[in-house]
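The two complexes that follow have chain A in common; it is paired with chain B in the first and with chain C in the second.
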Partner chain A sequence: MYVCHCGGNISDYVDVNRVVEAVREEPGVVVAREAMFTCSDASQQEIIRDIKEQELDGLVVASCSPRLHLHTFRDVAKRAGLNPYQYTQVNIREQCSWAHTGDREGATAKAIRLVRAGIARTRLTEPLQPLKIDTVPAVLVVGAGIAGLRAAIGLADTGISVYVVEREAAPGGRVARLGRMYPHGKRGRELINQLVEEVQKRENITLFTGAGLVEKSGSIGNFQVRIRVREPVESEIGVQVGAIIVATGFDLYQPREGEYGFGLEGVITLDDFLELLDAPGAGLNFRGREVKDVVYVYCVGSRQGAGGEGANRYCSRYCCNAAVHAASLAFDKSPGVRQYHLFRDMRTYGRFELFYQEALRRGAVFLKFDESEPPRVERGEGGKLKVTVKDLLTCGEEFELQADLVVLVTGMVPRENGKLVDILKLPVGRDGFFNEIHPKLRPVETVVDGLFICGTCQGPKNSSESVASALAAVTQSASILKKGYVELEPLVAAVDPRRCNWCGECAGTCPYSAIEREHYQDREVARVNEAVCKGCGGCVPSCSRGALNLKGYSDEQIRAMIDALAKEIC
Partner chain B sequence: MSGQAGINSDFSPKILVFSTNNISDPGIDLAGSSHMHYPPSVTVISMPCTSGIRPEWIAYAVERGFDGVFLAADGEECAYLPDCAKRTSEIVRRAQELLEQKGYEPQRVRMSAICSVCAGPFTGHMKEFSEALKNLGPARKG
Partner chain C sequence: MPRMDPLFAEEVNSFGRFDARACLNCGVCSAVCPMGIELLPRKLFRYVLLGVKDRVLENVQAVYSCLLCRLCEVNCPAQVRVAENVRFLRYYLNKKVFQI
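Entry: the complex of A and B
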């Protein structure tokens, strides 16, 4: 039994030493220790040494949520020769220290109860072996933007078959509409053409455009999906895949009417401006008029104050870079153009700083405004727009700028995709983008086994970051499928044939038909087909004789946990 | 109702929550990671699905000293059972029957769907339920 300080995330709010002392004498406890970080290499080594030296047959770690480290410590158990299913993770961080930061006494008492329950549960565990399921060597990729296309090629090259489903009539997503992109200056369209050519060369990639997912069943290793296509005739196609990668991208923030003058002639969004810059020929023109003065407004639709309903609080990450890059493109096209960039904070991180320096060197002017006093955009004289801004860099001096064009540097927003979320049970975060299990350690996996996410559907990214995550999803899915099997949790339902006298009640509760009838001695009893059972336990309450149990959550274990949680703290 | 007379300001009702590994437990985690507070007398047992809870466990928890039991169900989001909400309410109904047979108030068990980002709703439910149980008084009389 080990209790983690988690640096202070736990020990600042819970008296860890008191927890350890309180459970030291619990039945079954042989070793009780605390550690600064139980997940560190050194602590893992110590746990392994204890298990081996003391020949322990159960392990409890009280630290963070099982979603972060259940697998880490199951693996520690395994390396020490202990059955991983005799491990229990007790969550005293998310569900204790962090939730009760103002009540050290209460949090400590709660931690003691939770650890006792974990110990009680562990004493009643039995060694289990994972179930092996054969996998189908094929992957479904949803979305054919730069992330989805690159993922498809990567997977195909490992010998896995790929089905790509794209909603639009043509592949490529946002990048297909871009001209010269940062950082390399290559045209987005050309990049996409190159990828599509690579896709077409590979016989093991099938690309469906104008298509959508309509149904999914099955589980990791063997999903059955149905795809609806419109061309050449509307029809449905069923395919079997072992994993699914979602790369459905983002949407652009749409400014409200009147937001920074949006709706006035000459107020446009960055994507429209990029299109102007990409138009053939020299000179910069808008609706037949020469553009001499351009004013950019940054952070439109991003980093919105906490107050607003459904505010986008995040930074959209691509936009500072795209806007300073656009400054250079504009100077290339029209060397005399005057440019004013109204920004809140400049976030040209990493090497993109060089584009900022280049824009400055070539004469673009940068003015910093505060969110609480945003620039005002109005109709001006002589067909121009008038922009008024308070510049923080000159102690709040107010400037009036005359502009032919005002470019709103709009951010990224999550794409409306309710139907897909429904079909795939995609986890959606508070900001509306899809959620990975762990931003650092499991950045493309979701809580649904075999379902991966990559690219901008996860949150704002530029295209190289989108591709990097796409290739991470390739590695993660291929590493499952190349093995040919997956090991599933053996935490499935089980029948005690001595108590069962086949009434059939339980079989009726299972939508997966995992419960069958069999002969046991001279009687008929129920039997659970382990490969089919999903481990939900939905059948358990149907048995009036208590003959059904879910492994890891047995009647005995739950009652022992209730006892431990209810016990008084002395 | 018995508890009424002896309402004790120190009484902090013990609540047992049954959550689900993939949906409501992450929601409860999020409450903690956002430092949203609820009483520490709330403790959680996480299961794959609330449809797998035996009504007997709920009655057992009350008999052992919990003042209330809350089922943080998956509702429509359940990945296993399309009729999960219906099943869980049936479990609540059976548990309430059991409680009444044993002389406890059926209001000691509640359920609500808690999604994986439902941190606010969860803490709200805990505070409300805690207040309701304070009015009801401790489950164990005398």
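Entry: the complex of A and C
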């Protein structure tokens, strides 16, 4: 049992020495020490030496959150020849010293109880082995847009078989419809043509267009998927894959009738405007009329206030860049065009600032409006549109300008994919996009093992960011499949078939659909699919016959921990 | 309500001597102005940039009050050539408004 000072992070508010002395005589404790930094190499060596010399069969470290160092100390146990699952980490930093900076006495008392509980749990641990699951070297990619296609090529080049399922009749998604794009200036459809050509060159990629998912079963390493295809005849195809990558893309925000004059002649979305810019020939024309004045309104359908029902609170990220890039495309096509950008905040992050600078240098004018007083678009004189805007950059003065075109710079919204969400059990975030585990640390993994997301189905991105995330999904899935097996946490639920008589109650509580029915000595009992179980323990209290237990957190262990926590009062 | 007149903006631009596009609206120029001219230069330049001709003509007094001391210019983080711009505005007003 080791108690960490964490420099002073813990010992400034918890009397570490008193904690050590208080638990020294607890049943099972052989070694009780403190350390300045338990995670340091020297302290790790000391722990290993103690375990070996004293032939210890359990380890407790009271330090920081297990999120930070659980694996560090499991590894220490392993190196000392101790089963890593006989280690318990007690969090006395986030849960004691940092939480009770004004109460040293209370924090110390709490730390003592938590450490006692950790010791009680550890005494009852059993050695466990990680679950080892063999993997099928094939991947299913859902969606053949720029992210899905790039992921397929990346995987195929590592020698993995790929099945790509696309709902539309042709691959390419939204990018296939675009002309010159930022930041590279290449045409969207040419990029897609190149990718499709590369896909066709690879024999280990099978592309199903006009197809959809019908059913998925199995778990990481071995999913069984049924795909419905329409061509050449309507039929269902079954495939076996080790991982699934979802790259189903986004929808564009569709402005409401009357939103910034939407519905009036000449009020169009950025998407429509890009199509005008991509039309052959010089000059900028809309419905046969020359366009001299263009007004852009930014943040349409993005960063909406908290008040609205189902408001899109998020920033769509791509649109500021796309709009200032469109400004340069418009100057290329019609050098005399006058452009007014009505923005809320100019979020041309990173190098995209250069597009803003270019638009500014070439004569685009930028006005900043406040969310609470958005510009108004009305029908004006002589077939023009009248735009009224309060410009914060001129101390909030209101101006009126005339426009031939008003371009609504619309954001991205999540795509309607209800059926796919059901089939794959995709986690959907509050904003309607699919959720990763952590946006920075685990950006393409989901809570479902073996199920990855990439591109704009997880949130707004530009095309190069989509491709980067597609390649991240390639790396993540290939690293599982190339090894041939995966190792999973053995801290999962287990059924005692002698007690179970299958009432089905537990299966209903499982958020991961990990509990199935099976035959056991002519009876029906519950079985936990260990590869799918996350060890949340939600099923355990639902069993009226006490047939379920969570490995590493058995009822016996929990009871012992409660007794240890409440030692003074009972 | 003042209108943005693109022709005015284009006319000013055609001389190639007025350039305040780099202005960040930080307000340092107003803060350091020894004449305490609140309008100068960021607000006035903004009117010119947006082509709000009415507002420029209403504020002729301010254009001629400037000492051209360039205290604002040396403090400008965006390197806007304030004095040069004011000089141009005087030239423009002399020519177009006062016909001299």
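Everything below uses one rule, namely that the second predicted complex is superposed on the first by the 373 of 570 C-alpha atoms of A that agree within 3 Å, B and C clash if a C-alpha of one lies under 4 Å from a C-alpha of the other, contacts with A are read in each partner's own complex, and residues count from 1 in each chain.
The rule we apply is simple: a contact is a pair of C-beta atoms (placed from the backbone, for glycine too) under 8 Å apart; a residue touches a chain by one contact, two chains touch by 3 or more.
Treat the numbers as computed from the prediction; the structure is a model and nothing was measured.
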Figure out whether A:Arg338 sits in contact with chain B (first) or chain C (second), or with both, or with neither. second
Between chain B (first) and chain C (second), which does A:Gly537 come into contact with in this model arrangement: first, second, both, or neither? first
Let me test your reading of the model: by the given contact rule, A:Asp293 touches which partner, first (chain B), second (chain C), both or neither? second
According to the stated criteria, A:Arg430 is in contact with first (chain B), second (chain C), both, or neither; which is it? first
Would you sort A:Ala99 into first (chain B), second (chain C), both or neither based on which partner it touches? first
After the superposition on A, what does A:Met561 contact: first (chain B), second (chain C), both or neither? first
Could you figure out whether chain B or chain C reaches more residues of chain A? B
Now for A:Leu114: first (chain B), second (chain C), both, or neither, which partner does it touch? first
Report the residues of chain A in contact with chain B in the complex, numbered from low to high. 65-67, 91, 93-103, 106-107, 109-110, 113-114, 117, 425, 427-430, 435, 447-448, 491, 509, 511, 534-541, 550, 553, 555, 558-559, 561-563, 565-566
Residues of chain C that touch chain A when the two form their complex: 1-4, 6, 9-10, 13, 21-22, 25, 43, 46-47, 49-50, 52
Chain B residues touching chain A in their complex are 14, 16, 21-22, 25-26, 28-33, 35-41, 43-49, 51-55, 57, 60-61, 64-66, 77, 79-82, 84, 87, 91, 94, 116-117
Across the complex, what residues on chain A touch chain C? 292-293, 338, 340, 360-361, 363, 365, 367, 388, 391, 393-395, 397-402
